[in-house]
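Down below are the structures I want you to see.
Look for chain A in each of the two complexes below; its partner is chain B in the first and chain C in the second.
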Partner chain A sequence: MKNQVTKYYPMLPVLAAYAALFLIGRNMSGMWQLVAMLLFYCALGQAFNIFLGMTGYVDFGYVAFMGVGTYGMALAISRLAHIEGLGAGIIVIGFVLAVLMSTMLSIAVGAVALRLRGAYFAIATIGVNEGFRFLIEGARIWNGSEGIIFTAQLNQILGREAASALATFWADLFVLIIAVAAALVTLIYMRSKIGYALTALREDEDAAKVMGINVTKFKIIAFITSASFAGLVGASSWALKTPYVFPPEVFEIHYTIEAIIIVLLGGAGTLLGPLVGGLIYGISKYYLSIFIPGFQLLIFAPIIIVIIVVFPEGVVGMLKAKTRNTAAGRFIV
Partner chain B sequence: MLQVRDLESGYGPMQVLWKPGLEVKAGTVTSLLGPNGAGKSTLLGTVFGSVPPWGGTVVYEGKEITREPTHKKVQLGMALVPEGKHLFPNMTVEENLYMGAYLKRAEAHREESLEQVYELFPRLKERRRQMAGLLSGGEQQMVTVGRSLMTKPKLIMLDEPSQGLAPLLVELMFETIRKMKDDIGLTILLVEQNADASLEAADYVYVMHEGTIKAEGTPDQIKASDDIREAFLGM
Partner chain C sequence: MKKTAIIALGFFLLAFVAGQAPAQAADSIDIGHPACLSGKYAKAGEQAVGGIKACVDWVNNEYGGVSLKGKKVPLKYTYYDCESNKESVTSLIGRLVTVDKVDVVFAPYSSGLTLRGAPVTEARGMLYMDHGGANNKIFQQGFRYVVQTIGPASSYHRGTLDMIHKIDPKAKRVALAYEDSEFAKMVMEGAEEHAKELGFEIVFKRTYPKGVTDMTPLLSAMKASRPDFVLGGGHFEDGQLFNRQMADLDIDTNAFSLIAAATLPAFYDALEYMAEGVMGPSHWEYGVKYSEQAAKSAGTTWIGPSQDEFVALFKKAAGKDMVPDYHAAEAGAQVLAYALAVEKAGSVASDKVRKALGDLQFMSFYGGWDVDDSGLQIGHTMVDVQWQDGERIIVWPESAQTGKVCYPMPTFAEKAKGKVAVP
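== the complex of A and B ==
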């Protein structure tokens, strides 16, 4: 029993960090906007880490899952607004739809692409987000390139004040909850046989097969889990904050690249990595955009170079190696 | 225990196996000899499922398992020690071995299997807390074999276990193969280029060349035939 509890000790620093972020955002004036952005990056990192970190596979089309999640929420609100008495329940429906849609897309993509290994998988996924975007625009699905604007519906259902509170506070709180949930799932996976299977296939897929691990099954589990969290992130951090979606914006590849940087910077396959990576990345991007506006995108390249040269295992990966077999090491996973 | 008939497979458009057939009897060491590029590793891979079969059948313990996925075959007690060292370098020796007992069936016997592996390779017991990546080549090969034993196999297929090892370690490896057969009671299918040692260890020998079986017999019959030795084994 004691063992069962100590297994989940590494959740403590995660919870402490998110609680601190929340308190800073609420109590220091003008900080909520920064905190909201940091929460978004941390959540995106936590979600992506479940796939990239645990399997070692790079999915360049990852933003597509966030995109369809955004659409899930947008569709729920815009199409179901006429039903009386749904109230805030429509948000719940939106989240459910977001998870369903991102899960379905991940099954479709995964069933084909996960049969490929390593770099071939990465190449195969590059076009997924663009392809999906052109499908929506070209086939005029969900209003095509006109997107969905649902400000009116949201005001009608929730009232103007509540809708504004949703965009400025509740949406970010949902993102925080999603990030914590993703971290918890990561830890549960790590501490179960799924984690061992994923570690084995990440380190050496052939060896994993020889041990009788059904590698395809575990890759798909990680892929779907990761994708459904991305869908949730899209639904709350995008659709609920800015009540409109346009295909070119939600399927923008640079979110994938940001997610990759966050995961690698923090430490792929570690629990704390996406949190640390998200904070470092978010803070540097935020202040760069204030001090030298327009140049914030330039930090991509130096960050990648620094990661590769200084900490190939990421910040947390390095800390983890240093604190191995010490008391602190129990919390750094 | 294992019957292979008319197996065909290859990579992309290139066919490697041209209907070889062989049989491995329970409790024996069967050796598959042949020069580079004969298709020995491909044969093991196809039997094990890591190379998709094009045609033919693989029967294991009376059951047709040609197209079963690899993890099912491991579940049924088939193990492959792949060529080269597929280890987890950042895990300790013991962690590597424990990884071998991933399947439920193997997990139940985890501790006794570990004892068995340590008895077979006392060296690994000494090194159990070391990172596998820091071991010598021979020790890494021991871990690879040990990890396969942790899956609790009945049939173990070894792909060039003595490759790249010093002569003394080659001897140790063949000694281990003998122990696996006599002490643990495993059935062994051995792929080797080291024809001398392999003929010593085997109960039955198949000679493979250009994707087919060119000759078979007891080690004595193979050794007695000058044609086979000169043509395929370079002895």
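== the complex of A and C ==
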């Protein structure tokens, strides 16, 4: 029993960090929107890490799952707004739809792309993102290129004050919950057969196969889990916080690049890594844009390079190595 | 290694704490702006910042500051770079409102980013002025504090239609062919509605996909509809292709107007004689004739620098010999609207200034300014530019024109033989 509990000790620093972020955001004037941005990057990293960190596969089409998740929420609100009595239940329907849609897309993509490896997998996934965007625009699905703007529907369903609170507070809180849930799922996987299988295939896929591991099955598990969380992040951080969806904005590859940087900065395959990476990335981005507006990228790029050079395994990877066989090491995985 | 980690941690803690130092309460009226200085809207963002700085300079140094409760109060402009990124827009607006304690927030460029910031400013009852979001739907969402300076997308071809209606009452058949994008479709809807109001017949209406490489099938179908004039476009690349293939297929019409592409010098450089007589709508062009005298004739208030003064102030603000475009002009005009509204309201309280903006009508170097109850810009008229002998001539509205329109434009065969579009 004690063993069952101690294996989840690494969640403590994660929970403490998210609780601290929440408290800072709520109690320090002007901090909530900054915290919201940090939570977005942490959640993005935490969700992406389940696939990139645990399998070593780089999915350049990751933002497509966030995009369809955003559409899931947008469609629920814009198409069901006329049904009386749904109230806040429409948000629940939106989340369910977001998970369903991102899961379905990940099954379709995974069934084909996960047969490929390395650079071939990466190239195939870039196509998914662009292809899905052009499908929506070209076939005029879900309002095509005009997108969906649904602030008015949210105001109608929830009332102006509640809709405003949803966009400026509750959406961010949902992101926090998603980030924590993604971290918990990561730890559960790490401590189970799934995690061992994923570690084996990450280190040497052929060897894992020879040892009798069904690598395709475990890759698909990680892929779908990661995609589902991406759908949830899109639904809350984009659809609820920004009540509109335009195809070019939700299928922007830039977000996949950001997710990769966050995971690598913090430490791929570690539990705390995406959190630390998200904080470093978000805080640097925010304050550099304040202190040297317009020139921040000139400073930001060298900072990232220095961190990667100094900590090739990521910041948490370094900490993990330093604290191995110490009391603190139990909390850093 | 440990030392490096401590230094890195120290840097982030310092940034976190130093960044939170609240701004000193200053004797000024503060404008906050999450500007797009990098990322995909960097070009428009740089222009907007230059335009705002130019007009803040004019208000503070030429106008003497904003008259408020018997005092002349200067404007102060605080901006950060949002990198054309959604997440940064909301976090920076949060900072501007609570840490810098600005009195008004100017929205970033584009409809999407404007919409992203709106819930944050609305929740705080903060005035949010839009100079780069042309989507009409922003103003159908029930926002109370969003006020537009840029003309709405639906009005882009209004002036072109008015002009043709006036100079050629016999022209009835209009063809609409636009890019399949959120912005272009909004323009097309507005053009269609206004064309019907004026009694035009829509004989052809179709969109083409982004990144189109061959418009021949669409243009052939359009030719068969025998339009008197054609309105369309989307971006530079497709606009150029549109015009080139119109020439290839010898589709001659009395007038041809393209959004986004035709007003750019690169359009004529690329197409040369084929661009002669082609028109394009623009929010503002250097050369417009809006002046204090024009404002008097129109019976409205004039405020702001003259066009040449604005250009000089813009160059000073930009720190380089850069010509302002419409992004700069509309952002600058927004400063003037805000200054006038604060004076009218006698307060910087957002609700009072919002009300004053609703009642405000004026003219500046940018043209007219007036908004409806939803905050949508209805007072600003787009100008129509026509390529005449390699020069961009403002042909509409009459109050802003630098030359007469060449109508009907020469045929492509005539243009190939060297005929230029001179009235």
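The definition used in the following text is that the second predicted complex is superposed on the first by the 322 of 333 C-alpha atoms of A that agree within 3 Å, B and C clash if a C-alpha of one lies under 4 Å from a C-alpha of the other, contacts with A are read in each partner's own complex, and residues count from 1 in each chain.
Here is the rule we go by: contacts are C-beta pairs under 8 Å (C-beta built on N, C-alpha and C of every residue); 3 or more make two chains touch, one makes a residue touch a chain.
Note that this is a predicted model, so its numbers are computed, not measured.
**Student:** Applying the touch criterion given at the start, work out whether A:T323 contacts chain B, chain C, both or neither, answering first, second, both or neither.
**Tutor:** In the superposition, A:T323 touches no partner, neither chain B nor chain C.
**Student:** Which holds for A:D204: it touches chain B only (first), chain C only (second), both, or neither?
**Tutor:** Touch partner of A:D204: chain B, not chain C.
**Student:** Please indicate which partner A:F40 is in contact with in the superposed arrangement: first for chain B, second for chain C, both, or neither.
**Tutor:** Once the two structures are laid over each other on A, A:F40 reaches chain C alone.
**Student:** More residues of chain A are touched by which chain, chain B or chain C?
**Tutor:** Residues of chain A touched, chain B against chain C: more for C.
**Student:** Could you look at A:A165 and tell me whether it touches chain B, chain C, both or neither (first, second, both, neither)?
**Tutor:** It touches chain C, and chain B stays clear.
**Student:** Could you tell me if A:G212 is touching chain B, chain C, both of them or neither one (first, second, both, neither)?
**Tutor:** A:G212 contacts chain B only, not chain C.
**Student:** Does chain B (first) or chain C (second) touch A:K193, or do both, or does neither?
**Tutor:** A:K193: touches chain B, not chain C.
**Student:** Identify the residues of chain A that lie in both the chain B contact region and the chain C contact region.
**Tutor:** Comparing the two interfaces on chain A, one with chain B and one with chain C, no residues are shared.
**Student:** With touch defined as at the start, can you tell me which chain B residues reach chain A in the complex?
**Tutor:** That would be residues 50, 69-71, 73-75, 79-82, 86-90, 99-100, 102-103, 106, 147-148, 151 of chain B.
**Student:** Where on chain C does chain A make contact in their complex?
**Tutor:** Within the complex, chain C contacts chain A at residues 1-2, 4-5, 8, 12, 15-16, 19-20, 22, 35, 37-38, 46, 79-83, 85-88, 90-95, 97-99, 112, 115-116, 118-120, 122-123, 135, 137-138, 140-143, 180-182, 185-186, 209-210.
**Student:** So in the complex, which bits of chain A are touching chain C?
**Tutor:** 28-34, 36-37, 40-41, 134, 137-138, 140, 144-147, 149, 151-152, 155, 160, 164-165, 167-168, 237-238, 241-244, 246, 249, 254, 279-280, 283-287, 289-291, 293-294, 296-297, 307, 310, 315, 318-319, 322
**Student:** Quick one: in the complex, what on chain A touches chain B?
**Tutor:** 193, 196-197, 199-200, 203-204, 206-207, 209-215
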